[in-house]
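Two complexes are shown next, each including subunit A; its partner changes from subunit B in the first to subunit C in the second.
What follows is the complex of A and B.
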């Protein structure tokens, strides 16, 4: 079928598109075009408040997307990240409130216990995901669909849908809403995560084996790579990063909410990974590109808001761009020759 | 299989003139001419990367040529698609199968041209025609079996049957015997003779001289995407063909290997596998010699060495490596014990095609402290080591950052061999080492084994190609139905004896 379709298309435009993608990458070009275009249309766009807003949101998305990218590179899928963001948020807030009641005034302990509980429940979900995929051989899609549902349910049960308050001021004002050299703390957190993940992907055995497993599981087995451990690892990292995002979001907003993250965050993280060149076939993808793609998606959403595009219409753009990104990836893959 | 009667015998069935095809930067075909007459078997001969695959892909409509003319049955053909090619009677059988693994043989045969009545599948008619076709071909195939349950040989038969369903005027066979046994191969040859007598034209890609001798009417030699010469098969010699193909002289296909059998490196006692593919096998291999394992497809010979390496579950029996008992084999531990395995299917089990050569070659060695400390890779060491190893193996082009998916069969095999040179190893298990690679690359693999053996390593070669195991091995095991049927050394090591041991087993089985 595909051969018929391509044969009918104008050859010239495909070749042109391909050469641009090959030389500088489509994503930076789109990003620049978007920024330049929006700056020309609406001066509000390059206002400081808007820029900080964009950076904050992009940072949160980038952290989740880095984890998602790792899972997809290994050949998996993590649908539970949005629900983990919500669960980590409410667990962190509730734990802080409880610790504050038990040890009033001990801010360090309160914050540490809350953060540990948030990260801990993320890790727990990730380990369950990884265990089911690696040991029970259930597909990642199904497993994380299940844990997404369960995790979201637990989040709602804990809070009954009411935002959880009672966190120390130093956590909210001193950390979540604070700025360092004019930038929100979330930006530094994201940069740290991206740098760490780049290191993991390029310089560690774990990162290399994740590429190998995603590239060809059977070849990895024959090469003596232990598959299960590394698959569990990818899901654990993904969930922990989602939990970290939940904690950052909680600190920023000042309350733990079961409505954080959710399907939207999950979809966006997958979109960011895919647009950022992570192949759904596994074995290909770099987190720094995924981070740029998260920035691009955030700016796109922001632009659509500033242009007063109906919010119900916005997901349509996301969908179109995602499909176009995968289509371009396939096109460039097909044109490669063997030597 | 009806033919246009008005077609003059002098006019070729297929006439290509000046066909060129470029892929991003690489000129895969450069003004190639090809004529195939009805009733002729035309062999395409050339090394990997010579442009054979590209040419048959152009003929079967997978992608259009950049320039050149294409005449089929006297008609000028433009904008050919795979569907159109099939409908005008061009039927390709590719090395990489075009079968849907989750569908049955019959469903695959009719895929895209199902017999329907008012949009509803006509199952009985299809079953009837599938059975008739398989019977006519003499293949041992069950139309209701799922393709992923079949062996590679049976998948190959399905692929051939699929190509012959319907009206065929030009059949393209790309190394069709690569996974067939001798018996199945002779069936295929009979079939080819029948097709020729029915005036079907054939394009046949093969590296095997014996097949070319047995089948070919004419041979077209390609090199570096260019048409070198077309010769009459009857008047050309083997060395002439090989010389034209490689552009240099090759005297002997198999190198002379000096075997110096030393201590027993691999010792297997009463080995039985969980799936019953190997039963009560006693086997040993020494350092300094090549131990061959011959047998038909599915006889358990691959499973035997896979079990030693640790990728087939064992129920009973003992394995000793270098005298030490080796329980519960696993790939990582095998590598640490100095045992390496080279899988038959390099795409399925060997390489991560989306990853660069460097990562693929170093995949088996990263557990060593020289390459990674505390989980952190030492990239400089990795790069220089792999660069050196691939230079040693003469990788062309010598760029280790290319992705493995962009490589030809011969270069892929080199990446696999590269793994052997990255760490200290003493036992090498080769599973069908020369499947899918050309004569030049085969020679390099054989030379590689020669160097290993003469350096004192133990090499085990499992192969369905009898001449190969006969020539390479010092001691040869013959397997049949999961058991060792014979162990041949020295003068006993002949083709007749190997075939006789299959036959003897058959008799024993029939008597029992």
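What follows is the complex of A and C.
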């Protein structure tokens, strides 16, 4: 409303200010408030162990959420990411154990085969998702609902629900639990993924076309964008990133488990994307904000734990914050449209 | 020209063929399982299938009502858990204070439906008035309902469900037909009449087919949407009450994967996620299909993990067939 009153020259600065707020949003402010508040209340919060713990968990969530964000920007959904995390974990561990039995001592080969198998099964699920959505025109919700059930089933089938061991020490101790300059490996992996995704979103044709498809499919078709290939691409990227998370988790824990990821990871990745300003209508969203939102969600969970809030009550906070974030976004969009 | 004409001529019969796909698949499925294990077709098992279907059918109907308007309710499963826990707690509390059994049951029903309606109101208001997408809104209430259900129950089953309650909603029968089947049949009939004969019911289809046209035509879209989500959650609450009567306790994990199962049931039956297409029939058919599939796989001792893979594949194939049918019609 104020923009109407102050028409003319000052308007530019106001729209600039508003665009900065719109671009960065409420999220960093909430994040800072949370961190400052928690540091004042509980010194344990800024202890080294707790910070590393937060960073590790936030990194894993951020990697999955980046892929999820890309799919949502293109106007889709990926419900299968949690199941892919589990499947990749199990397949990686089993493959490493099998290769270790066949070629004992050849650590490089063992790790390479395990990682390739994990990423490969992620890619396979992503291609199935993309093919069904893009070529067969089945809604993304239903397709990934189906592959979620199927992928989780395969993961459980391979292991019968028992953790899979037999990975080389250098993979677990030398990679998964290793620290470089005091930070866990997962943090570097997440930073690399976020940087790569930022580059893809801003500087590559693929990234720009994904925005175009999510913003207006018909316009993208008319402009000559090959829709199907790019949609398959988004699902493939999402599943591969989920598989990467599965491998990182496996290396960290030291066993492949079909209980990794799951519905919780899937719902949190969507929550992170949505709170991070990715519109479910498609065409809007940036991975760096999604990563901040993943950090925010992780710190929130951590803070609730430290404050001794009953873990059973914690989902309530997540639910309220998610709805409130999107509702605020929606209301501000409406008031903008009215101006 | 000629091909267009001939395809037009055939469209009537092929439409009927497409409609018959699912019922035929149902019969083939039953006969196939019966070939492996005779007991599949035994009267006891058929009654068992019918009884199991009645729960899923109720949830699929609830889901169908909102899917018709291009929405869906991810919170249905957790709402079921919440209602189950709330109902059991209220009845245990009323029993402890020495009330009459009928008062106890009424207290349970009031609490259960109250929680269901509250959940539906939350969803409806957030979606219709605040303009939040159904996915986010019901994902939010999904988390809230899980939190409430596990907090109220401390994560443990709630005992103290009176016999009268279990008798009314599970154990009782009329002419040998179990209560669950009768309730679902009655609700299905009422819902079918509502969807096909009332202004409210028809307006759901209009909103799903073309929301803008519905608004332009002067329909109070927002109010109808709120009512739709309340209806969905109320049906889910009824299902939760029936399931609580079956287990004899309030279970914080009762809903589990019900949200997605109910969506799968509705979608396999031919309800379109694009809105405006589907009804009680599609919900019941889909629920029957999913139930027969899992019942048959259980009796033929197919590994539970393989069952998950099969169910996933079936959901995708079901929607794919529906898609092909639509393209044919065009």
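Note that in this section the second predicted complex is superposed on the first by the 312 of 339 C-alpha atoms of A that agree within 3 Å, B and C clash if a C-alpha of one lies under 4 Å from a C-alpha of the other, contacts with A are read in each partner's own complex, and residues count from 1 in each chain.
Everything that follows uses one rule, which is that a contact is a pair of C-beta atoms (placed from the backbone, for glycine too) under 8 Å apart; a residue touches a chain by one contact, two chains touch by 3 or more.
Every value quoted in this text rests on a predicted model; they were computed, and no experiment measured them.
When both complexes are superposed on subunit A, subunit B and subunit C occupy overlapping space and clash. In the superposed model, A:283 lies in contact with subunit B only, and not with subunit C. In the superposed pair of complexes, A:205 makes contact with subunit B only, with no contact to subunit C.
Shared-chain residue A:95: touches no atom of subunit B or subunit C.
If you count the residues of subunit A touched by subunit B and by subunit C, you find the higher number for C. By the touch criterion defined above, A:149 reaches subunit C but does not reach subunit B.
In the superposed pair of complexes, A:225 makes contact with subunit B only, with no contact to subunit C. Of the residues of subunit A, those at positions 281 touch subunit B in one of the two structures and subunit C in the other.
Of all the residues in subunit A, the ones that touch subunit C in their complex are 77, 132, 136-139, 141-143, 145-154, 156-157, 160, 267, 270-271, 274, 280-281, 310, 312-320, 322-323, 326-327, 330-331, 334.
On subunit A, the positions that touch subunit B within their shared complex are 3-4, 7, 202-206, 208-209, 211-212, 214-216, 218-226, 279, 281-284, 335-339.
Against subunit A, the residues of subunit C that register as touching in their complex are 72, 126, 130-133, 135-137, 139-144, 146-148, 150-151, 154-155, 260, 263-264, 267, 273-274, 303, 305-309, 311-316, 319-320, 323.
Residues of subunit B touching subunit A in their complex: 23-26, 28, 49, 61-64, 79, 81-83, 309, 311, 330-335, 341, 343, 348-355, 359-360, 363-364, 366-367, 372, 375-377, 379, 396-397, 402, 405-408, 411, 419.
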